[in-house]
Amino acid sequence: MPSPVRPDRATAPETSHLAERFAAVRDLTLALAAPLSDADATVQSMADASPTKWHMAHTTWFFETFVLRDHVAGYALHDERFPFLFNSYYEAEGRRHARDRRGMVTRPSLDEVRAYRAHVDAAMLDALPGLSKDAQTLVALGCHHEEQHQELLVTDILHMFSENPLEPAMWPAARKVPVEMPAPIGWVSHEGGIVEVGHYGDGFAFDCEGPRHAALLAPHAIADRTVTNGEWAAFIADGGYTEARHWLADGWAWVKAEGIVAPLYWEQGEAGWTRFGLDGRRAIDPAAPVTHVSFFEADAYASWAGARLPTEFEWEAAAASYGANGGNQMDLAGPVEAPAGGKWSGVLRRCLGMDRQCVPALSEVRDCGGGC
Amino acid sequence: MPSPVRPDRATAPETSHLAERFAAVRDLTLALAAPLSDADATVQSMADASPTKWHMAHTTWFFETFVLRDHVAGYALHDERFPFLFNSYYEAEGRRHARDRRGMVTRPSLDEVRAYRAHVDAAMLDALPGLSKDAQTLVALGCHHEEQHQELLVTDILHMFSENPLEPAMWPAARKVPVEMPAPIGWVSHEGGIVEVGHYGDGFAFDCEGPRHAALLAPHAIADRTVTNGEWAAFIADGGYTEARHWLADGWAWVKAEGIVAPLYWEQGEAGWTRFGLDGRRAIDPAAPVTHVSFFEADAYASWAGARLPTEFEWEAAAASYGANGGNQMDLAGPVEAPAGGKWSGVLRRCLGMDRQCVPALSEVRDCGGGC
Amino acid sequence: MPSPVRPDRATAPETSHLAERFAAVRDLTLALAAPLSDADATVQSMADASPTKWHMAHTTWFFETFVLRDHVAGYALHDERFPFLFNSYYEAEGRRHARDRRGMVTRPSLDEVRAYRAHVDAAMLDALPGLSKDAQTLVALGCHHEEQHQELLVTDILHMFSENPLEPAMWPAARKVPVEMPAPIGWVSHEGGIVEVGHYGDGFAFDCEGPRHAALLAPHAIADRTVTNGEWAAFIADGGYTEARHWLADGWAWVKAEGIVAPLYWEQGEAGWTRFGLDGRRAIDPAAPVTHVSFFEADAYASWAGARLPTEFEWEAAAASYGANGGNQMDLAGPVEAPAGGKWSGVLRRCLGMDRQCVPALSEVRDCGGGC
Amino acid sequence: MPSPVRPDRATAPETSHLAERFAAVRDLTLALAAPLSDADATVQSMADASPTKWHMAHTTWFFETFVLRDHVAGYALHDERFPFLFNSYYEAEGRRHARDRRGMVTRPSLDEVRAYRAHVDAAMLDALPGLSKDAQTLVALGCHHEEQHQELLVTDILHMFSENPLEPAMWPAARKVPVEMPAPIGWVSHEGGIVEVGHYGDGFAFDCEGPRHAALLAPHAIADRTVTNGEWAAFIADGGYTEARHWLADGWAWVKAEGIVAPLYWEQGEAGWTRFGLDGRRAIDPAAPVTHVSFFEADAYASWAGARLPTEFEWEAAAASYGANGGNQMDLAGPVEAPAGGKWSGVLRRCLGMDRQCVPALSEVRDCGGGC
């Protein structure tokens, strides 16, 4: 059981919001990892994935190093050996354990990593009221950093469980209301022209989200929703994975070399397609958005559907219009209970750098003569 | 805590010895694994190694399949899914999990595997008094099979801990009396001629240990003890790993390609050579036999020492003369407490197929003119 | 000796220009290959390169297949077995020889490939006056296609000779007037805004060069000439290849993994840097443009120089202003004698898809406040 | 045309035989290479093979280095750069070109290598009458060394031609009398016991052929002839390559991984099995010995036939009884014309170290009770 971080320690008016935010983020990580055993949290299923325990400790190392060590007088490291183990790629912070051997670290145990988290959380909440503005900015950065790792954590643990022939379920079946079948795709036209993209305003943003700059869009139309599993199954049934003409040359070579016939984690059973998820193997939900498809697959689907993928800038222009409520995809991950009295706005961003993780949206190039 | 198998269940006079033997072997496996966490017992450090949990379950699967399933009416499998997970390479027993993915099986947990062992042990001890001669032979085979896996288990877990930058110790420091420095190597002459090799008598033997047959030995002399760590350090100090002339061509290529400079797990510290073992990293014991050297290293050492490695048949002839008490090397593995009242004669045989595991013994070819 | 193609066969006014063009292109290929032996023209130095003989035959196969076979009644293939050998990647044209085994084809010999060329050239020049407009378009395409292969041919043969420890020179030393040291780089400002890019007009263009479309440029300045070998040597001397901070992460990983310390074909001698070229190994010319650097190297250089690489569209905008005479880089390749009475305008385009072949140009992003 | 070496230069009685032998060996190499073009002799088809030109130059380098350079005062190297190119693996002779890049050496050309041979041959024949005994021994060694490379040369050039989709024939069809179908295999019994193996007498032998020593044979019977292509085809037809039970585990893994279905160079055509050879692709000769099978295939065949492969010592004992005329297999290689007036006894030994090159002979272990 994760011991909830107590936000009431941070009482100074100007930092109380930050303390709440910090506590919520830290608790969510514990909640996501709660169903895992020591072994579940230790094993690394491939070089591109990290063990849950590593995600839990690395995010803690971030706060310990850049806030406590650098900004809190007298702070003593919880364990002198941890920085070597839990630094990721910050070259300036010295040597670190090879990424593809993270799964060898059976010790410290999961409980010891939880103790590491508790130690750092307590020190952070003690320190927060007195932190400088610079240090507060680092706390905010660390919260976003940990949210990124939450996305990786659920992605990586899914991959690990998928490698177990028993296909264990991390969570019981979702008690969600069934998704209603959406209406056919509609097309949202954009007249093209110069648009502004990139972060603006005073809120937090990662380095790579700015600076805000102009981009030129061609006139186009973009789908008003994502592609469903049901539509993808129709693509498969229509020879989507067996006809070279839909695919980029490199994509087709990948399909042939790897024997790809469906999205990752899909399998064909007697009663149709199933997919493996954190709630185990279940029939695909034809109304839900397709997930775990690669760029090549998304591109081939778009080609089959008579469209193309949107450019980065077309996508940003479209996404910006969805507003604050449009992007919450955490409920896809599983039945996480938010900490009592808390609230969390965790938006699962696209997992960059992970194969086969993007959700395609369709874009149609229209031939706009004089009249459009 | 391993629950000791109760040998008192097997009361029939003709099988009581076998029941004791079975109980002792089964308990030793639990004792060897006792210091391990769930994560320790789950991780696979390389394709050539298996997780401890797998060794524990696979040896259990052997008894469940070939004794209980095949010879005990009404026996129900403990878990229908386990044969797929824990079969190793018995082609006739159907599909099995890929060897290099054994480390993905975080579930069943170590406790569940212990429960599997307890279930099968109880059924075995119930069944033993009534087993046919054929089935009893399979029990004896299974005990030897499990002893082989005990050797692999300690070898594999050592490799796994060695991959953790923290180099955790599985056992506290051995409380052994220090090994006395042995006398200089003496040479035991053999006049050559036809000798008999291979298993004989009524005792147990593996298939590959027979049939007994004749072999022709040249006159030779073989060292009367194994090479020590201290002698090996002298070899290193004398350029053993830096001069091509001691090495076979393939061995030299291996040394250059892999950057080999000492036996596996050795490191040079400020106070001299250390080695990593199940009791952590410690100074090498100059009086103890060298371990974790490959065939190529052993061959190079022998060449440096003005000798050569013995042939398989020279070794067998020499080993046969050591008698029943000569070969117990289990005490090298660590401070295992034998189950109360039990006794075990576990001889750690050479781990065939594992890189860098042989203990070299020296053989000198003498040029025997008329007088020898 | 290559037998020059006789353009006088194509006498019809409307096709005489195309015949001259065809003859000039075909003769240049022979001239480029003239110094090569049968073995030189056969060997393939890596999977990404093709033998000269293959380039010579493949370009011939193009005309034979798409013009003579498809548009000239009664044409008989020169050799029924050649299409399998000399098709490159036209899926619709059937099976073909594996790309990385092209160097196994010692037969047909270089002379036999020259005979193949002569046969097809004669048939082409006979046919040209009567070709339909569509077929004439294919002839023009084939000429451009062959010019692309001329670039590959000299690039590939250079690589092949560089793999010979004797480093043979294909051509004698260039009798060029020494290049004058250029003036320091000047910066050509561009105010940004929407520009048009892509092919326009009636002239020939490859598929990927259109359609013409708008692109948005930021205000920037681009260097008015390419980087010289002398400037690159200064980059090396200043730690260019030893400091991670100039490099993209993937680039730095490549530098470390491959031991990259200078542009391809450069070596440090007692008297300074030398480079290998088709005229053998010679001192670098500090005034000449640097060549054989990869994207990663170009990017690191630009970073070191306080600039960045131009975008594709910035480059296109800049290159468009150079006019018709600016781009001829054929003289870099060596002292080719144009066939008597002929003329050729062969422009060596950048060799896309070849590692380490781009010529970097610098672009500087200016922070344009109100005044620019 | 190779210019025949003139043995008449070596007139001193005590060396005239050696001069004849030298000339015959050198001429045979030229004769074997006579049908090859410059390109044929230059290309290297895999890392385990060497170009013909390399074989021709390396064997020449051997005489130039160890005889002329070391034993003939005033001899000047033909080309100072050749030792680097044509040394194979004599570590003491300094750096050498990487083995797997030998095919990059288009220059020197085949004609230049022939000139190198002619230069060294002339110097050798001049020097031979005055050579010391030690130097004469090196000449004899060099002749045997060159005969080994003749075997490699024909093996390697066959592989190279086999990689050309046109499958060119090096030689016209053999004008041999058809091989008569041999009688069924008979079995030659050996009563076992101690036999002597290894070189004896004053004749030449390679290092690895001695010293002569005793070996113990079990009673056995060995086939009185090699296995024929017809018998091998029966093995294939009976599921030889599709049933795991005939194969060693590593062999079966190789069959599955590589898709092996027949001996190397065999293909199934409409009229049955064909094989590729230096005389092109032809129907297999059912009466001729099977060739180009690996150890694994030979072992599987023997298992299928109810026998096993002979041990090295059983084979040596059997081969020794064949006498001087039994082993000439050069006629398998093709229609080589011996130099006029010469004679050659070239025996093609088994090409050790080459995949799939051994000729299996069958050995049957008999259970010899009292009566045998």
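Letters are used for the chains, namely A, B, C and D, taken in the order the chains are written, and counting of residues starts over at 1 for each.
One rule holds for everything that comes next: a residue touches a chain if its C-beta (ideal position, glycine included) is under 8 Å from a C-beta of that chain, and two chains touch if they have at least 3 such contacts.
Just so we're clear, the structure is a prediction, and the values are computed from it rather than from any experiment.
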item: Interface composition of copies subunit C and subunit D: same or different, split at half; value: same
item: Chain located farthest away, centre of subunit A as origin (C-alpha); value: D
item: Where subunit B and subunit D are represented by their mean Cα positions, the distance between them in whole Å; value: 43
item: CA centroid of subunit A to CA centroid of subunit D, Å; value: 62
item: Set of subunit D residues in contact with two or more other chains; value: none
item: Touching chain combinations (by label order); value: A-B, A-C, B-D, C-D
item: Partner subunit B, residues of subunit A touching it in the complex; value: 37-43, 45, 81, 84-85, 97, 101, 103-110, 160-161, 163-166, 168
item: In the complex with subunit C, residue positions of subunit A that touch it; value: 91, 194, 213-216, 218, 244
